[in-house]
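See the structures that follow.
Next come two complexes built around chain A: one with chain B, the other with chain C.
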Partner chain A sequence: MASKIGREPMLDMFIFETLQQLEELEQIVISSEKTNGLTESAISEIFRIMHTIKGSSAMMLFNNITSLSHSIEDLFYFIRNDKPQNLDNSELADKVLESVDFIKVEMNKISNDEDVDGDAMSLIEDIKMFLAQLKKDNPAVKIQDEIQIIKKETSQKYYITQSKIQPLVEKNTFKAIILYQSGCEMENIRAFTLIHNLKELTDEIWYNPSDIIDNDSSVDIIKRDGFRVLFKCEKTVREMNSFFEQIPFIEKLELEEVSYEDEIDQFLEKRKIVLEDSIFNIEKAEKNKDSATERDIQIGSTGQSIISVNISKLDKLMDLVGELVISEAMVTQNPDLRNLVLDNFQKSARQLKKITTELQDVVMSIRMVPISTTFLKMNRIVRDMSKRLDKEVKLQLIGEETEVDKNIIDHISDPLMHLIRNSIDHGLESTTKRVASGKSETGVITLEAKNAGGDVLIQVKDDGAGLDREKILKIARSKGLFNKPEKELTDKEVYSFIFLPGFSTNDKVTEFSGRGVGMDVVVKNIQNVGGSVSIDSTPNVGTTITLKIPLTLAIIDGMTIRVGKSRYTIPITNIRESIKVEENSVIKDPNGNEMVFIKEQCYPILRLHRHFKVNTNITDITKGIIIKVEVDDKALCIFADELVGEQLVVVKALPKYIKKIKGVEGCTLMGDGGISLILDIPGFLNNQ
Partner chain B sequence: MTKVTDEIVEIDEDTQKDKFLTFKIGNENYGIEINYVTEIIGIQEITQVPELPEYVRGIINLRGKIIPVMDVRLRFKKEPIEYNDRTCIVVIDIMDISIGLIVDSVSEVMNINDENIVPPPDIKTGFHTRYVKGFGKVGNDVKLLLDCDKLLNDDEISNLTNSF
Partner chain C sequence: MKTVLIIDDASFMRLSLKTMLERNGYKVIGEAENGAVGILKYKELKPDIVTMDITMPELDGIRALKHICNYDPNATVIMITSMGQKTFILEAIKHGAKGFLVKPFKEEHVVETMKKLQI
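Moving on to the complex of A and B:
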C-alpha cells in the first residue's frame, strides 16, 4: 500500500509528526501513571493526539493504524465525557502503550519502505472489551454534549444566511413606506410578518426601524413615520403592489422603484454596521462557547513555530558558513591591501567580521539539542522493566537540559538504553533483598548529564549491590583475560572486564540482558563518537557508569602546529603542555628512540617530520617545540617546528578515496584556504 | 508529441556523447569522456597526506570541498616534472568520488565517434595500457582514451605483478 503513495515529502512529514506525537503520548501516559490518575487535560491531550494520528494515517491509507487509533480515541472519548469512577489506570496505560508500540513498529516499516501489514485486530478487540467493560460499569450520560452540538450547528446556520446578504445589480430595487391603520395594534409584529413574507421573494431586505421585535419603541416609530422597507427582487412594481394589497391593515402604501445606488446607500450603511456587529458577536459567542476547541487550535499554532529540517541541509549550511568565514579572511587580509590606509574599508570589514562570527555561532547552535528527549525515552524502559521484573524502580533525571550535538544524541540513545537495562536487571537487587540489606524498597536509577569543558559527562548510577569483584575475576580467569598478575589488578581494571565482548556475570539469560552482548556494544558506540566509558562501583552502595562524550563532532578547539610547509591540528583537550627542551634533557636508547625528561618523568618523543616524512629545516630538537599530549594516562611528546595558534576548527572527513590514514582523524580548512590535518592522538598513543 | 520529447531527450544526451577532453602528458595525448569531468582548475597548493601512494599527491580545498589529487604522470610511472602555469587539475566525478587529476596541459574538447575508436590490443605491450580502454583516431593523431574507473580503483601492486 505504501509503495503506491509516491508523495515522499508528505510521507516524511507524516512519519515525523506521528512519531513525535507518539513520544508525547508515551510521556503523558507514563507520567500520569506515576501520579496515579489521569488529569482531565491529560485525557483530552491523549484524545487529541489519537484523533490526529487517526486522521493523518487515514489520509495516508494506513488502515491498521487508523482503526487502532480510532478505537483508542473511542475509549478516551468515553473517559473524557463520562468520567468513569473505577478506572484501572495501570491497565489503561498498558493498553495505550501497547498500541503506541504497535504504531511505532508500523511506522518503522513505513520508513523502511516495507509493507504495512501489522494486524491490529487483537489489540483493537482488547480495547473494545475494555471500553465495553467500562461502559457497563458506568452508564453513559451524553445528552449534554449532543445539545451543545445542535446549538453550535444552528448558530452556524444563522451566520451563513447573514453573510449571503450581498447587493446584486440585476434586480429591481423598491422602496416602500407602509403606514398601518390606526388602532390595529402590534404594528411591529405586523411589520415583522411583512418582512417574513418578503423574505420568500428576496434575500435582500433592509428596513427601518431595524429592531422591530426587540425594541418596543419601534411601534411608535412605525405609527408615526411608517415602516420603511427597501428590498430588491425580480418582480415588477405591479406584482409588488398586488403583493402588498394582500397584507391586512395597511392604511397607506408608498411603493416606488428606485435606483440602487441613490437610495440604498443610507440604508445600507446603517445596516452594514449592524450586520458586522452581529457577525462579530456571533463569532465571539462561539469562541466562548467552544473554548476547548480554541485551545486546541492555539496549541496547534504554537507547534507551527518549530520546523523540522533535514540534517544534511544543516551540514551544508555549516559548510557554507565555514566557506564564508574563509572568504571573509581572504578579502579583509588580502595581500593587495597591505600598507594601504583604508579607514572606511576597515570599518566595513569589522562589521562583516562581526556578522559572520554571529552567523557561525547561530549555525552551531542550531545543531545543539537538549538531551532531554533521549532521557525521557528512558522512562518507558524503566517502567516496562520494573513491571516485568517486579522491582520498584524510580528514574531520576538530572541536567537533562544539557545541550549536545544532534549527531551525538543519535548515537547515545541505544547505549543509554543498554546501560539502564543492565542497571535494573543486574544492578538493583530484588525488593526482598533490598529490604533485608536495609535499603528502601524502591531502587533509584539516576541519569545525569553535565558539561565538563568540551565534553559532556553522562552518568548512569544505581543504588544496587555493586559489582562482584570475585565473580568477575572468576569469569575473567576462565576466559583467560588477564594480562598481568591477578593481585596487581585494580578494582577499575577488574570492573572494566565487563566491557569486553561476550562477558556476562548474569547466570540466567533474561528477556532483557545476560547474553553478554551489550556492554561491548555500548563501548563501541561511544567510541565511535569519540567518547569513552568508565565504571566505578562500591559493594552494596551501587555502580556508576560514566560516559564521556565530546560536545560536538563538528567543531573542536585545536592547536595548529607547523612542520615544514604542512600544518597539523591537535585537539586542545589532548594537550597538556608545550615546551622548549634543552639538549641535555633528551636521551636516546640503544634502538635510537628518543626520550625527554619533563619534571622528573620520561616521555617518548615522536618526530612528526620523520613520522609523516615531511621535509623541514628544523630537525634539531632544541630549535623546534615539544608538545606533550595525553590520553587516559598515556603520554607522548610530539616534536614540531612551531606552534601556529589556537582556534576553533570545523572537522571535515578526509575524502572517501583516501582510506583511513593512521594518525590522522580528519582535516580542517584554515583561514587562508589551506588545509590542516587533524592528528588522531589516541591513535598515536595506542601505537606506542 | 511524445516522439518529439523523446527526440529532445536523446539530443540532450547526445551533446555529451562521443565528446572527449584531451590533455597531454609528456608527448602523449590522452582523452577522457567529458561526462566524467566537472571542472578544470589551475594547479594550487596541495596538502601532503602521509601513508598515501606517491602518485596521490595529497588533498586540495576546492571551494570548501576537500578532494584528493592524483598526479597522472606518476601514476603512469613517468618522471615527475616541476608544476608550471600550464599544469592543470582536471576534476572528475566517478560514482560520487571526486578526484583531481594533475596533467601537464589540457588541449581541447573533441568528438571521437565510435567507429574511430579501436580497442587496445590483447597483449599487454606496456604498463599504462592497463588504464587505456581504447585508441581514438583523430586525423593522423591517436588519443589514448583513459578508463577512469580503473585509474582510481585498480590496485597498483597487483598491476605490477601482472604486467612485468
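Moving on to the complex of A and C:
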C-alpha cells in the first residue's frame, strides 16, 4: 500500500506498525490452531499485540479499533491469568481473526483517507459474551494462597525512626485541597505520588480520601471534592507553594496554614483495614525474576540488527543511484574523450565504474525482501477456504527465502490470493471424490518461488482434478475466442483461454469465484509489473500456474540498437541471438509479410524503421542486423541498422504528457545525453 | 536543550512522543524497544530524561526503571502507562519514577508534566 506524499509520518507509522502486528497475530492464531491450543507465550503475545494496538489507535483517536482491541485484550488477560479449562480454541481463534479482519478493513479506510466508520459493537458484544461464559464456567479461584498483609490506617505519623532523631524545630501545620485537571486520569495515583513526594519533607501527613491505592472510587471523590491533605513540616507557606507548583496536572490548589487541632478530625476516618496484597505480590514476583535480569540484558544488547526505513527514502536512493549510473557513463563515455589515449584516466574510470556498479547492486538489494511475508499471508486464505468449503487442504511453501523487489511484492499478493482461492475452490476435488480416485484426503497446494535468470518464478500448484480441455474449448468456441484453427491449439494455449476476461467454466457462481473476473485481473496485475502468466495441467493430477516476474522494475540490462538517428533498447532477457542474414534466408508469406529462416525455424520480421517511421539508409535486409527476440513460446525477428552496445539502463516511464506508444514501454538516457526508447517486446509479440 | 531517551516497544508510540517532545524544545537522543536495550542506552547516552513504557518484551518498564534508578539515583524517568496498570504505576513511583502519563495522552499533557517537573 503506497504511502501518500504529504501524509503525516505518524499516520504512516501507525498503519505500518499495526498492519505488521496484525500479520503476526494472524500467524500466531493459525499455527496455534494447527497444534491444537494456545501456548502461554502465544497468549502473552496476543495480549501484548492487542494492548499495543489499543494504545496506538487511542492516540490516533480511532475509537472503534480501540474498543475492539480492548475487548480482546480483556479476554486474553483473563485467559492468561486464570488459565480457564475447556477453552474452545476454534471459537476463540474465529473471534480473534474476525477482529483482525475488522481492524484490517478500518486500516484500509485510513490508508485511503476514508471515514473510519466501521461498527464493531456486535463483534465486541460477542467477545464480551464469550468472556462472560468463560468466567461463569471457570469461577475465579479465591485468593487463598496470596498472603494478605493487614496494615493499620494511621500507622504513619508519630514515630521516631532509628536513624533520625525528631528535630526540635517548630513545625507549621498546613492544609491543602488539590483539584486535578480534567482528563489527566488516575487521579488517585497522582494523589499517591503527591504523598510520596511529600514524605520526603515530613512524615506527619494525613489525607482524605485515605484509601487511594485500593479503592478506585476514590478517583471520583478526588474529582468531586478534591484531594485533601493535612501535614506538618518546618517549611514556610511560600516554600510549600513552590513545592506544589512542581506537581503536574493541578488545576486548583488551596493551601493555607492552619491549626492542627482544628482540622485533624476531618482527616481521621474510622480505622480501615488496607490490603496491600496486590503490591506485595508484585514484589514477590519481582524477586523471582530478578535473577533472570542479567541474562535479559545480554539478550537485549544483540537485539538491534534491523531498522525500518521509509519506502520513499529508498525510492529516492534508487533514483539517485540510477542517475549516478547514467552520469558515470556520461563521463567515461564522453564524446570529447573519443580517440584520445588516456591510460591513467581509463584506469580511474574503470575503478569508478566498478564502485558504481557495486553501489547499484547494494541499493537494489536493499529493496529486495524475501517473499516469505507474502507466502505466509496465504495461510489465512487456505485456512478460511478449507473451513468454509469443508475440504482438507495443506499449504506447502518452497523457496520463501527468495527475494523480490519491495515494489513487486505489493502487486503479487492479491493475484496469488486469487489463484489459491481458485485452486481450492475449483482445482481441488471434494474429499469423497479424492478418496474415490485414490488420492490422499488432504489436498495439497504448493507455493514455490525460485530465481531464474533475471526473473523470479512463482508457481501455484495443486494436486486436484486438472483442467478440462474439452470444457474450455467448448466455451472458447461459443465465445469465438480462437485466433488459430482449433486443431493447431496446443494444450497450453487452450488452458491459457481461462485468462481471458469474462471466461469462466463454472456453472455456478460462488462467493469466492465463478464470475470470470478474476483470472484476467491476475494476468493484468502481473503484466503491469512486467511479468507473465502461464498455465499447465494434467487431468486428474493437477494444475500448475507459473508467474514470471522480473527481479526489478527500474534497472535492466539492455542492448541498444540504432535505426537511422534514433536509438532503441531491447531488454537482454528477451534477446536470443543477433545475426546478419543472407538474401536467400528471407521469404515472403502468402500475406506479403517478410519471414526469415533461422536454423530451420521461420520467424516474422519486424522492420523498426517502418514501424516507427524513421528515416534510415539501411533498408536492405542484408545490410542491417536481425535480432531474434522471444517471450515464452513466441518469437520475432527485429530488423535494425546496427547494434550499439550492451549496458545497464535505468528505465524511466514515458512522461505523462505522451500517450502510450505501441511497442514502447519506457525510455532511458544514454551516456551522451541522448534518449533511447525501450521496446516492449511482449507487446510486439502479442500483436503478431 | 534537555535530552530524552524514549523506551517503548511500539514504534508508533516512540514516534508520537518524539514528535511531541521535539515540538516543545526537547531533543530525543535515543530510542529503545525494550527495557534491556533501554538500560544499555541510558548508560551510553546519559540522557536528562527517560520516558518508559511499562509493557515491553525482554525486560519490562518497572524492572528497567529499577535498574536505571539504582545506577543513577538522579535519573528522571517518566512512566507511560495505560488505564488499568495502577499497581505498576504505584510500584514505579515507589522505585523512583518522577511522574507518569496515561495513554492516550495529548501533547499538552506531555508539556504539563515536563514543565512542572522542571525538566
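Keep in mind that, in the parts below, the second predicted complex is superposed on the first by the 414 of 688 C-alpha atoms of A that agree within 3 Å, B and C clash if a C-alpha of one lies under 4 Å from a C-alpha of the other, contacts with A are read in each partner's own complex, and residues count from 1 in each chain.
In this section, a contact is a pair of C-beta atoms (placed from the backbone, for glycine too) under 8 Å apart; a residue touches a chain by one contact, two chains touch by 3 or more.
Computed from a predicted structure; not experimentally measured.
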item: Touching partner for A:Leu320 - first (chain B), second (chain C), both, neither; value: first
item: Chain C versus chain B, contacts on chain A by residue; value: C
item: Partner chain in contact with A:Val664 - chain B first, chain C second, else both or neither; value: first
item: First, second, both or neither for A:Ser308, with chain B first and chain C second; value: second
item: Chain B versus chain C as contact partner of A:Met330, first or second or both or neither; value: neither
item: On chain A, positions contacted by chain B and by chain C; value: none
item: Interfacial residue positions of chain C with respect to chain A in the complex; value: 9-13, 15-16, 19, 33-37, 39-40, 55, 57-59, 62-63, 67, 81-83, 86-91, 93-94, 99-100, 102-106, 109, 112-113, 115-118
item: Partner chain C, residues of chain A touching it in the complex; value: 9-10, 13-14, 16-18, 48, 51-52, 54-56, 58-59, 61, 181, 183-186, 188-189, 192-193, 196, 213, 216, 245-250, 278-279, 282, 286, 289-290, 293, 296-297, 299-301, 303-304, 308
item: Chain B - residues contacting chain A, complex; value: 45, 47-52, 56, 59-61, 63-64, 66-68, 96-99, 152
item: Chain A - residues contacting chain B, complex; value: 319-320, 322-323, 326, 565-566, 611-614, 652, 654-658, 661-664, 667, 669, 673-677
